[in-house]
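Before we start, here is the structure in question, set down as structure tokens.
Going by the order they are written in, the chains are A, B, C and D; count residues from 1 in each one.
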Amino acid sequence: METLYNFLEKNSLYIVLIIVLLVWIGIFSFAYKLDKKVKKLEESIKE
Amino acid sequence: MKNFWKFLLFVLMTIVIIGTFVPPIVQYPKSFFEFPLIPGLEDKARIIFFHVPTAWLTVLAYLLAMFYGIRYLKRKDMYDDIKSVSAAALGFVFCILATVTGSVWAKFTWGSFWHWDPRETSIFILLLIYGAYFALRSALDSEEKRARLSAIYSIIAFLTTPFFIFIMPRLMIGLHPGSLEIDPATGQVRASSNPVIKFEMAANMRVVFFLSLIAFTILFFWFWNLAHRILKLEHVSQKEI
Amino acid sequence: MNEIILRVRELKKNFNRRLVFDKLNFEVKSGERLVITGKNGSGKSTLLKILAGVLTESSGSVEYILNQKKIDRENIYQIIGLVSPYLVLYDEFSAFENLSLFAKIRNLKISDDEINKILTRVGLLERKNDLLRTYSSGMKQRIKYASAILHNPLILLIDEPTSNLDIEGKNFVEDLILNFREDGFVIIATNESQDFKYGNRIINLDEYKNNKNK
Amino acid sequence: MKKIFYIFYKDFSSELRMRFALNALIMFVVVAVSTILFSLGSESVAPNVYAGMFWVVVFFSAMSGLSRVFVSEEERGTTLILSLIANPVTVFLGKFLFNLVLIFFINSVIALLYMFLFQEFLIQNWNSFLLAYVLGNFGISASSTIIAAIISKANVKGTLYPVLAFPVLLPLILMLIEITKSAMEGNPISDVEAELLVLISYDVVMITASILVFDIIWRD
């Protein structure tokens, strides 16, 4: 943990990378949620 | 024509990602793709292209949620409520993102995850308001009541925001760019002299920054559009049963 | 002599997905007595609450026009009296206290004697100082009538007029409805066929559920 | 005007008859203050900590007591009769008045307890403290009343109340802490002029907005 912290402190570009990845995770999970809702809708229409 | 926006988003976001990572940071930039060095920030200055847009979308989403809430109160159209709640849901996601990305970055720049700087406090309050909004919605079982009361709550909660924007920076020491500080000599409020806080973007950074804002805004409207269309379909399909 | 008109236009109410009634249109004028009927759950009580201005409609409009002037929604309460099974009075107060509080909140210039007179009319004079908590359901029904006629309203909305009442109480209700002030009107929501005789017009809410023929 | 008073009077006399709310509230205050007393022991802390603790206790007492005005009507089913005898603005102002009197009472109890129990809770500038006290009570009462009206229509009333009220009351509480701290340090009132102006505008905005939107909440 300590080494990781030191590494990130020295190579701060990776912090930006982490932040971009976090934003991507957020966007992805929202899209995933939407997808699940569409599936539920499709099932309810089939019935 | 309708798909134009999606392509634009694709192109812009690609430019933004390249613009975030590729340009080297040098002390004295000579060519257009070099970013100037800011002491104390270095590579971390690049966060601005991803962190600020999430914070901006949090606010935009709140305003939209409130706008459609008020429109619901005026027209009693259930679809206005659907638009309002979809905007709030997206806003909630971006609010969490803005908080988390900010605090990760703060750990490495300011030393700890949380500082209660005015902007941090405001985003925290927004997070609480979003949380309260959804808690309220889940506690109301009649659709009309839910739409009406959550719209009202969004208005009441909004009334406190001018305080956070205009007054709090006077009370607390800010760490975000553009914060004010108290001049130790005269006791007057002045713009901070700390290089991180004084932070001004070079022209080329500014271009990437605004492209990023545009890209994220398009992304937001696209997702919002999808979300409220899906909710609307859900609403219609339930009505038939 | 006042002239009051109630105008209901394209009134619609639904609770979530369930349509209660739709496309309801009618007018009631001074001197009329309207009976609203329909199966259980057909929305009689809901309609009365909307007419009394305490429940919002889903769409459509309800207007009261007094001497050619439209009455604001906020002031409808001054000309309406409502009796309903949903009505609950403050049971930590006595009958007399309830009425005198209502009179004060309504800002009526009404003396204690007049309140006593109303209590006599509904037959509660002897028990007027008992807390409502101790009242039987029939007595509670009577005190509701007292609270509804306290301010001498132009319009009386009565939901299930004779529920829980004995013969004496029923006679009082009959007298109240048939001899109601001539410049006002009465709307009665009921399922009891014996109450139909009070109305000179009947609306059956079951006919306003046209979600099927849509 | 009279009508508003009589709505207040109705709640007041009904509260006197039943009394359980008031007793519970006073007990709550005593328990909260004594918890702080125990945890502090004989240590002395900075004035801003005292100021903060003071308003935190006020906030939580408000959260446990001020929702009753609407929740009790809704629970007993008397909302209907109340909306039949008065227009919404009157009802709101009556309830607001009741909460105002209640918060003034609770707040005075808390302030007295603080002054007796904590030697270091010394107000040096009474003017600014009293102004904060009065303006703060108005603000707390306005926000809590309108939020009480919202939650009285919800299914889970108790837990929801602080959740909804906290973000709305937070700016007010922060201001109040700031002014109280300054009053304890004995700074002149001109130091907290800006804060006092914010308090006034908060009160005005909240009361006006509440009156405007209450009608929509009140009618089912």
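Worth pointing out:
FYI, a contact is a pair of C-beta atoms (placed from the backbone, for glycine too) under 8 Å apart; a residue touches a chain by one contact, two chains touch by 3 or more.
Bear in mind the structure is a predicted one, so any value in this text is a computation, not a measurement.
Between B-C and C-D, more C-beta contact pairs are found at C-D.
Geometrically, the chain at the heart of the complex, using CA-atom means, is D. Between chain B and chain C the centroid-to-centroid distance comes to 52 Å (mean Cα coordinates, whole Å). Separation between the centroids of chain A and chain D, computed from CA atoms only, is 42 Å. Separating the centre of chain A from that of chain C, both taken as means of CA atoms, is a distance of 58 Å.
The centroid of the Cα atoms in chain C and the matching centroid in chain D are 38 Å apart. Taken residue by residue, chain D touches two or more other chains at 220, whereas all remaining positions touch fewer. Residue positions 238 of chain B each touch two or more of the other chains.
For chain C, the set of residues that touch two or more other chains comprises 56.
The set of touching chain pairs reads A-B, B-C, B-D, C-D, using the touch definition from the header. Contacts from chain B toward chain D in the complex involve residues 73, 125, 128-129, 131-132, 135-136, 139-141, 145, 148-149, 152-153, 155-157, 159-160, 163-164, 167-168, 170-171. Interface residues of chain C, counted against chain B in their complex, comprise 15-17, 56, 58-59.
Remark: chain B residues 17, 20-21, 42-44, 46-47, 50-51, 54, 90, 93-94, 96-97, 100-101, 104-105, 108, 219, 223, 226-227, 230-231, 233-234, 237-238 touch chain A in the complex.
Note for the complex: chain B touches chain C at residues 76, 142-144, 238-239, 241. Interface residues of chain C facing chain D in the complex, by the touch rule stated above, are 49, 52-56, 74-75, 77, 80, 82, 84, 86-93, 101-102, 104-107, 147.
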